[in-house]
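Below is one structure. I have some questions about it.
So that you can tell them apart, the chains are marked A, B, C, D, E and F in the order they are listed, and the count of residues begins at 1 in each.
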Amino acid sequence: MIPKLKRQQIMDLLSSGRRVDGRGLEDLRPVEIRCRSVKNAEGSAEVRLGKTLAIAGVKTSIGTPFADTPDMGVMIVNAEFLPIASPTFEPGPPDENAIELARVIDRGLRRAEMIDLKQLCIVPGKAVWEVWIDIHALNHDGNLMDASALAAVAAILTAEVPKAMVNEKGEVTINKSERQRLPIKSIPITVTMAKIGDKLVVDPNLDEEEVADAFLTATFVDDKVCAIQKRGERGLTAEETMKALQIARQKAHELLKTVREVVGGG
Amino acid sequence: MIPKLKRQQIMDLLSSGRRVDGRGLEDLRPVEIRCRSVKNAEGSAEVRLGKTLAIAGVKTSIGTPFADTPDMGVMIVNAEFLPIASPTFEPGPPDENAIELARVIDRGLRRAEMIDLKQLCIVPGKAVWEVWIDIHALNHDGNLMDASALAAVAAILTAEVPKAMVNEKGEVTINKSERQRLPIKSIPITVTMAKIGDKLVVDPNLDEEEVADAFLTATFVDDKVCAIQKRGERGLTAEETMKALQIARQKAHELLKTVREVVGGG
Amino acid sequence: MIPKLKRQQIMDLLSSGRRVDGRGLEDLRPVEIRCRSVKNAEGSAEVRLGKTLAIAGVKTSIGTPFADTPDMGVMIVNAEFLPIASPTFEPGPPDENAIELARVIDRGLRRAEMIDLKQLCIVPGKAVWEVWIDIHALNHDGNLMDASALAAVAAILTAEVPKAMVNEKGEVTINKSERQRLPIKSIPITVTMAKIGDKLVVDPNLDEEEVADAFLTATFVDDKVCAIQKRGERGLTAEETMKALQIARQKAHELLKTVREVVGGG
Amino acid sequence: MSIKSKELTLISPDGRRLDGRRPDEIRELKIKAGILENADGSAYVEQGNTKIYAAVYGPREVHPRHLALPNRAVIRCRYHMTPFSVEERKSPAPTRREIELSKVIREALTPAIIVEQFPSSAIDVFIEVINADGSTRCASIIAASVALASAGIPMKDLVAACSVGKINGVLVLDVTDVEDKYGEVDMPFAMMPNRNEITLLQLDGILGPEEIEKAISMAAKACKEIYEKQKNALKERYIELRKTVEEGFRT
Amino acid sequence: MSIKSKELTLISPDGRRLDGRRPDEIRELKIKAGILENADGSAYVEQGNTKIYAAVYGPREVHPRHLALPNRAVIRCRYHMTPFSVEERKSPAPTRREIELSKVIREALTPAIIVEQFPSSAIDVFIEVINADGSTRCASIIAASVALASAGIPMKDLVAACSVGKINGVLVLDVTDVEDKYGEVDMPFAMMPNRNEITLLQLDGILGPEEIEKAISMAAKACKEIYEKQKNALKERYIELRKTVEEGFRT
Amino acid sequence: MSIKSKELTLISPDGRRLDGRRPDEIRELKIKAGILENADGSAYVEQGNTKIYAAVYGPREVHPRHLALPNRAVIRCRYHMTPFSVEERKSPAPTRREIELSKVIREALTPAIIVEQFPSSAIDVFIEVINADGSTRCASIIAASVALASAGIPMKDLVAACSVGKINGVLVLDVTDVEDKYGEVDMPFAMMPNRNEITLLQLDGILGPEEIEKAISMAAKACKEIYEKQKNALKERYIELRKTVEEGFRT
């Protein structure tokens, strides 16, 4: 009933080119990025996308590489939808939505090769840097995906990690006083489109998310796509898909500019 | 109510020497064994016992031996009652029935010394073969125990495992191209009897399982018993026990013949 | 309703200086300590405090020290509120009450330095003794905290642990036949006070626990306090706090005397 | 987590893949409906060495009750791999990957199900991967879709699925495990061929805009081919059932 | 998981076991009923160095409700070992072994309980092994059976239990830990002596048909002896309770 | 678990601590109410480098229902640290420490809440530690207390909190991480300043009777100071809200 009414209202507005929060169909909400607020993290960023708030922290530690990639560092992305962020989130291990979000962001970072994992090898086959990227939702007003991805990217870009040294005995030691940036190869940007009726909107807020038919999340690096995830309980035509990707690409440009302004990154 | 009626109907039939599915009291259901269908497993077998379907897979890996048996390989049996197999099975970690089944099969294999674990030692105290036997129920129409045990035995008999080599430095390497059979010492066969009223029946189907008073599962190797498990919420007399074991022994002979025909095993 | 009546009845009695079980406000229940009943534990004690029954066992094993304390043994305290002990306890991992109890006892033992962890170092940075102290509630009639703490202390005092030896190769071996006491530096004693209305009572039983406003648990070593935990859903004034600590200190003296009589400890 | 050795030749100069297929060719696909007797509907799919069982239970009661929806059926889906289905034994506990795949498979199937027909009830889709050789989520969707139809669940369309990969620069259909590991791209795809709706689309790897368009069109074409095989499997099942019933009458 | 060194002499040429017992002799057995005040019924059993507490709660409400049965009581049983009860500290989380033993102990006790008397309710049996020196499941059944009776649960019979082992070729009663580890066979056994029904039978080890028959007959005989001790413990408890009541009247 | 190097000078001869504070001085304390829009009430607290978000949801329905109390609200509290808030990354799963702290924080807040006003309902307090630099439970209580008040939950008083430490023999207020690790004592403390009731008191370290009395009196004094800042934050929030409403009217 009420969701149906809300859907109708949102669709009526959309058909006249407007959205519930006053935006145009292809407008992002205001973006705020605040880096380095967490002293105990090597990197951190809080990102506000309208009223949606996510925080990402980067921590590093020494670990052993995977057997099939002995000369590459290890990157782990984890996301928690904290009960603090929404009346619908419950304490406990990540549910399918949090897991999907973490894995989509992970694929984007990995395929864009944002962090050059080869440069994170210390002793091949023995010791590499592990980079932990933890994402926490703090306030959920829709599109946690893009806010989280942006927070992860900003935290990685501004991280300052200690130096590892190998002494004569082959032992690895860490020098915490001398810090350096992570080796960055590219900046992937993630943009989510929602399909509501026959309209496509960018950066859906919570009201829109609740009534949307489907979502298309795409991660861009240098005008190419490196990760896509269609979500939601209805389908999209091939034409809608291509159009959504095209709009998302433009928005990714905008966001990339914002990121560069804030962090001065690569 | 309905279980009571079903029980009465089954007992009436039994008193005239017949069973709900037309079998005699000491008849097994038709047995089908299909080996080596899982390419990624070193050994595998799908077993149909009537409409009951179970699959077992054998995987090997290099591990360290237990401290108190430094010169023996390690065998682990695990069973999952998948929700695919029955409307009453739920996703999640194995319940007490799945755990009991795995442990009863494990004891049978272990006490029969089916796999000669001593021959699976690579470097005493350091490196041994671990043999993982995973059993999955796919369709549950009664007596998952015997179907699972048979699948495990057939998968072990037909497994082809890689060769381990120790180089000059004492490092263990695996040669996946050169494969060999597991070292087999015997073929244990598991047979379950159900007690319904004062009758004993072999290989109970699901209807019979639901109304049975008690079960006796026995594993035979060379005419001796190496594992017994009484199950169910009612008791058995000593005479019933001995009679059940005697019938089960004959059935084990039958099944052993079938196994030998299919896999040509030792 | 019924808790309210019970509370009224208990408060009426208290205002005339009596308690539901006939004790005075500052009387402990009878204490019984029975040590060394568990053959497989290096140390053990069953403690009865009135009808409350707790058992503690001490087990030791060789482990690696924490990175920041390479020359110190490791002590782990764990508590389980078994369903055997109370109709309100459920099977499963320890709940917040069991965890709090274990952590309060842990802090008392640690801050009193009861076990001299430095003497439990075998090879600095490599091998140290781990001392596991497991506490199980068997019958809960109030004040599991003090019964558990006492059981832990008595089990530690009477423990006889094997000797560790380091051979020429630097390998650690255990000599189980030659046993010795743990290195003891002090005997911490834990006493719990309950506030009911404006009265303070020592060693609350279950009825009193259920109606109490707040609790103050303090652990004493040589007349000083080494751990405090205020519990319960209401507050205490500073004056009540100081008075509770003063009474508890006297009771700790009594209990210390009992412990010394039973175990002849340091 | 995989060695990326760009030198590995996954496709020969004359356009043949390691298993002899052309880029736009799918592997041999066997579909058998109604193979598991307990389930309300079921299917077994073999696509090359990828082997999958799917079972459907429902519509049935929802436990716990508060998960039920008053105006539609809840679709639940579990994609699960047997420990022995992959090269290194995996623990039977669900991994993060299995949890994500369960979600996207459910979202690929749901658009085809007329959920309004069964308010307050659940339809459970259970998928077991017996052997994994690439494209398991697509094969799962093929199997689950047939299992749903064979359970008599009313559907708007079947869902067909096929992955697209990119190996040595060439777009290819129906990716194998080795092509996934050593190739550049994996793009799982599902659609309702009759309604022309994409219900699953994932991309893991870099593609330019034209490549995406081409990949989608290749996948859509393959889905139409697979769709026919799904319908055939259902027809065979129907004939089989009719025979059983008729035999029942005769005896 | 155990060293099998057949050379280890577990029984001397004159038929004495390591602890001096003859083959058909059980260890000293102490049973005390009603030791835990909170429980509706309880018992403490010492059989040599095997020490066990059992408590019974119930009949009581079932949570969650849907587990209740309309026409009978649900029997629930938890066999649990304290971390310090065994040589190597065990985690307090239930192991697969403890889960299996909980099941077989429950199935050993259930036949003796008149479950129809308490529809829609639960009877909970909790067992804690304080020290384990072999035959813990049999000692658990002895204790739980007394705890059930002392809780006033109506029963058809008590359940007595005794294990049979085979050491150096000889069948023996009431197996210790060392006899279990280094011996050839462990056969836990339980029965209702008065009704002559076997309610638990497990075999871990190789026995021929005649040996099984002999082992069962030895175990049945031991159970009759243990049965008397169980009844004595209940009598003592009854006398104790009567005394308490009478003292209550006097004061 | 911490290196105790008594030689480390945590306080200089002229009574200054590592961060320049005097013993009876608390760190700069920023409190902002109403920062998380979804919550019914929320607050952000920065005390030096300790940074905390608190959110309150409720009064709302209790799930599962049987946890509800007929005559009062249930207060639930979760204290949680983000994995990156501490020096070594911690797993996001709750540790035993977090479970204990959730309990004592709940018991520190509950005395201030008029729970009788909302029978059969729950009030949930969620705390996230973003960066930990000592005294996180006290900062959590400060934040949660403001969040509760800003959610409109009727309260008898605010709860203020401050830890006392002992470093190189001197009692100090508002302990930092390094003072906790290398100091002798940590004594977390909370009270309702207006009602003069202590609602949290823990001691981890050795203190004599006079020291305890002094520590409590120092903490109580600090709580009065913090109390004013809490009230200010609520006033600012009120002004902010009024402005929003008035702007709403104007447009």
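Heads up, the rule we're going with is that a residue touches a chain if its C-beta (ideal position, glycine included) is under 8 Å from a C-beta of that chain, and two chains touch if they have at least 3 such contacts.
What you see is a predicted model, and the numbers here were worked out from it, not measured in a lab.
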Legend entry - Graph distance between chain A and chain E, where chains that touch are linked: 3
Legend entry - Co-neighbours of chain B and chain A - touch as defined: D
Legend entry - Distance in touch steps, counted as few as possible, from chain B out to chain F: 3
Legend entry - Most distant chain from chain F, judged by the mean position of its C-alpha atoms: B
Inset, instruction - Select the chain at the greatest separation from chain E, using centres from the mean of Cα atoms. - result: A
Legend entry - Separation of chain E from chain F, taking each centre as the mean of its C-alpha atoms, in whole Å: 51
Legend entry - Interchain centroid distance [CA atoms averaged], chain B/chain E, Å: 28
Inset, instruction - Could you give the separation in Å between the centres of chain A and chain C, each centre being the mean of its C-alpha atoms? - result: 48
Legend entry - In chain D, residues with contacts to at least two other chains: none
Inset, instruction - Identify all positions of chain C at which a residue touches two or more other chains, and write them in rising order. - result: none
Legend entry - Chain-level touch network, classified as line, ring, star, complete or other: ring
Legend entry - Ring order of chains, beginning at chain B and proceeding to chain D: B, D, A, F, C, E
Inset, instruction - In the complex, go through chain D and note every residue touching chain A. - result: 1-3, 96-97, 99-100, 102-104, 107, 110-111, 187, 191-192, 195-209, 212-213, 216-217, 220
Legend entry - Contacting residues of chain C [partner chain F, same complex]: 66, 68-69, 96-97, 99-100, 102-103, 107, 111-112, 216, 218, 221, 223-238, 241-242, 245-246, 249
Legend entry - In the complex, chain B residues that touch chain D: 37-41, 44, 51, 53, 55, 57-59, 61, 78, 80, 82-87, 91, 93, 132, 134, 136, 138-141
Inset, instruction - Spell out the residues on chain D that touch chain B in their complex, using ranges where they run on. - result: 36-39, 42, 49, 51, 53-55, 57, 60, 78, 80, 82-89, 92-94, 124, 126-128, 130-133
